[in-house]
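In the part that follows, the structures are each spelled out as C-alpha cells.
Paired with chain B in one complex and with chain C in the other, chain A is shared by the two complexes that follow.
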Partner chain A sequence: MTAGASAEAAAREALRGWVRERSAAAVPDDFDDHTPLIASGLVTSLQITDLLLVVEEMRSAPLDPASLRPGVFRDIDTIYATFLADRLGS
Partner chain B sequence: MSPESLAETVLRLSTVSRSSPRDPNETTHWPEPDSLDRAQWFTSPELISVYGTPLWDSLDDHARRQLSFWEAVGFYSLNIHGEKLLIEGIARRLYQPGLEDVAEYLHHFLDEENQHSIWFATFCLRYGGKIYPDRKVAFPREHAPGEEDLLFFARVAVFEELVDRYNSAMGRDDRLAPVARRINANHHDEETRHLVFGRRLVEHLWRWHAPGWSDETVAGVRAHLAGYVMATWREYYNPDVYRDAGFPDPYATARQAWDHPATAAHRAALTARSLRWLYEAGILEAPVLS
Partner chain C sequence: MTDVPQLVDVPGLRWTDNGSATLSEPLLGLADRLDRRFVAMAAHWQADELRFPPFISAAELERIDYFRSFPHLATFPVCLDHDEAGLARFTAGDPVGPDGRIALGALAPSHDVLTPAACYHLYAHHRGLRFEGCRHFTTKATCFRRESHYLPLERQWSFTMREIVCMGTARETAAFLDRAAALLDDFVADLGLRLDWAPATDPFFRPSSNPQYLMQRVDPTKHELLFDDRLAIASRNLHHDHFGRAFSIEAAGGEPVHTACMAFGIERWLAVFVRSFGADPAGWPKVGT
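After this line comes the complex of A and B, so read on.
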C-alpha cells in the first residue's frame, strides 16, 4: 500500500469512527462510506461544526467557507472526495 | 402569560429602544489601528477559551494578552455570524400571521442587531484585518406547524443568553482596553431588552404550538435545542484564533481545550445559569450540560 492509500484508509476509518461515536441515530450494521449521513439522521446540521474541525485537522488546513454546502456531507465517500482527496489521496 | 402581557412587554421595550442611541460612533471611540496598544487585555482572562488548562498555565503574560486580542476577534466574529442568521430570520417573520403583535419590536430588534454587527465588524476589520469564517451549515427539513418559528426564536434566545454572560462580565471589566469594554457594555445594554423579549416570545410560542405536537416532535425540539447549545459552545474553541495567536497546532489546541475538565465545568455552570428559564418553562426537561 502506498503512503497516499494508507493515509486515505486512515482518514476514512477516522471519519467512520467519528460517526459511530457521535451519531444522533442508531448506526446500521452495514454502515459504510456510502451510507447516507444526513438523510438517515446519523449526522445533524448541529454536528457539522464538530465534523468540520475533524476534517480540517486531517487536512492540516482550514476549509474554504464557500465549499460548505449540504450536499458535500452526503456520505463519507463524498466528504473524503470533497475535502481530503487533494491533500491525502493516493 | 397572556397575549396581553406579551403585547405590554413589546410596548415597553419598543419605548426604550426608541430612546437609545443608534450610531455606534456616538457610543464608542475607535482608536486608530496603529495607536491601539495590543499589550492590553481585550478579553477577560477568565473567559479566554483555554483558561484553566495546562496551555494557559504555560503562557507568559504577553502571550496571554496576545491571545486575548484574537479571542476578541473570534468572539465578535461568532456574534456577527449569529446576528446575520438572526437578522435574516427576523426579517422573514415581519408581519407573519400570528406574529403581528410583536412586529413593532421586531423592527427595533432588527435595527439594534444591525448596529451590533457594525460594532463587531468594525473592531474585527479595523484591528484584526479579518472576520473569522462561519462553520455552520443548515440542512432544510420539514417542520410541524409552529415548530420552525419556535426553534428559530429559541435558538436566538439561547445564543443571546450565552453571549450576554460574556458581554455583561466584560462590559464591567476595568482590565480591558476601553474599546473592547465599550463594545461589550453597549451590546449588553441592548441585549438585556432582547433577552426579555426572547424569553416571553419563546414561552408564548411553546404554549401556543407544543400542545398540538406529537411526542416525537416535542422530543425532537428538545434534542435540537440541546444540540444547539453544544454547537454554540463548540465555536468558542476556534482554531483560527489559536493559529493567529501563534500556537503551533491550532486543531489539537481546540480539541484539548474543549476536552479539558476546567472548560467543561465553565460551560456547564454558565449554561445552567443562562438556560434555567427554559427548564422552568418546561421547554427543556433535563440540564443540557452537566
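After this line comes the complex of A and C, so read on.
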C-alpha cells in the first residue's frame, strides 16, 4: 500500500469512527462510505459544525462555510473526494 | 443595496420611510385577490386556517434558538413600566422628541416578539400535541423584520406573509412541497411571469458559525422563487423534524413530526406585478376573484 493509499484508508476510517461515535441516530449495520449521512439523520445540524472542524483538521486547512456546496457532506465517500483527496492523495 | 429603481408613485401605495407601506386600491384589491388565490391553493389539502395575534411569546421562539440566529431581525413590543413616578416623568417631558425618537424611560419586562414568520405560530400552537395523520394549516400574518435598509413593497419592516404548512411524515412533507411548487408554477405560468426557483439560506446572524446555516449550505432545504434573479416572492422550506422536536409535536408513532411550509410575501408579489405589467391595473393579468 502506498503512503497515499494508507492515508486515504486512515482518513476514511477516522470519518467512519467519528460518525459511529457522534451520530444522533442508530448507525445501521451496513454503514459504509456510501451511506447517506444527512438524509439518514446520522448527521444533523447539531453535529455539522463538529464534522466541519474534523474535516478541517484532517486536511490541515480551513474551509470557508460560504463556499460549501450542496451535497458535499452527502456521505463519507463524497467528503473524502471533495475535501481530502487532493490533500492526502492516493 | 440594489441598483434597481425604487417603486415610487405607484397608485395605491403610500410609503413611509420606517419601512412600511399603506395600501389602497388598486394594489389593495390585488393583494386580497392574490391572498385568496393562495388560500384556494391551501384548500387543495383541506388546510385549516388559523389567525394569530401580531406577536408571539419569546419563550416559544427560544425553543428554536431564534434570538441567537436572527437577533438583527427581531422587533420587540415594549411597554412603559407601570410605575406611577416613571409614567409621570414620561408625561412631564417631551414623550416624542423633534427627531421622532420616543423618550421611553423605564420599560416593563418584555416577553414577546412581533411575529417574524407566520408559521412559527402554528408550531407553538400545536406544541405537545400528537397528530394521528398528516395535517395541513394556513395562516396569514403581518410579519416584522428589522433590516439595514428598506424598499417599497420589496423590503419592508412590516409585511404580509401567507403560509401553508404541512405536518406529517418525511415522505408526506416532501410530497406536499412538490405538489405546492407544481401548483405555484402553474399559477405563475398562467400569469405570464418568468420566475425561477433557487436554493437559498436564511439570513443568519454571523452565519459561518451557525450550524443551521452550515446545514442549509450542504443540504439545501430552502428554495426561493425569484423575480429578476434577486427578489424572493415565495419560498418552500423543508424543516425535517426540526420544529417537531423543538415543540414536541408528535406523529402517530410518537416520533417528532416532520414539517414543511410554502410561504408567500404578498407585498413582493405586488412589486412583481407593477414591475412586470405596469402600475395600471388594466395591464394586469387576471388573478381570480
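The rule is short, and it goes like this: the second predicted complex is superposed on the first by the 86 of 90 C-alpha atoms of A that agree within 3 Å, B and C clash if a C-alpha of one lies under 4 Å from a C-alpha of the other, contacts with A are read in each partner's own complex, and residues count from 1 in each chain.
As a convention for this text, a residue touches a chain if its C-beta (ideal position, glycine included) is under 8 Å from a C-beta of that chain, and two chains touch if they have at least 3 such contacts.
Computed from a predicted structure; not experimentally measured.
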Item to complete: Using the touch definition from the top, say if A:Ser40 reaches chain B (first), chain C (second), both or neither.
Response: neither
Worksheet item: Does chain B (first) or chain C (second) touch A:Ser23, or do both, or does neither?
Response: neither
Worksheet item: Which partner does A:Pro62 reach: the first (chain B), the second (chain C), both, or neither?
Response: first
Worksheet item: After lining up the shared chain so the two structures overlap, which partner does A:Pro70 touch, if you call chain B first and chain C second: first, second, both or neither?
Response: both
Worksheet item: Is A:Leu53 touching the first partner chain B, the second partner chain C, both, or neither of them?
Response: first
Worksheet item: Where on chain A do chain B and chain C both make contact?
Response: 38, 44-46, 48-49, 52, 65, 68-70, 73
Discussion item. For a test of understanding, state which residues of chain A touch chain C in their complex under the given definition.
Written reply: 38-39, 44-46, 48-49, 52, 64-66, 68-73
Item to complete: Would you mind writing out the residues of chain A in touch with chain B in their complex?
Response: 24, 38, 44-50, 52-53, 56-57, 60, 62, 65, 68-70, 73
Item to complete: Flag every residue of chain C that touches chain A in the complex, lowest number first.
Response: 199, 207-209, 211-215, 217-220, 242
Fill in: Contacting residues of chain B [partner chain A, same complex]
133-140, 223-224, 227-228, 230-231, 234-235, 239-240, 251-252, 254-255
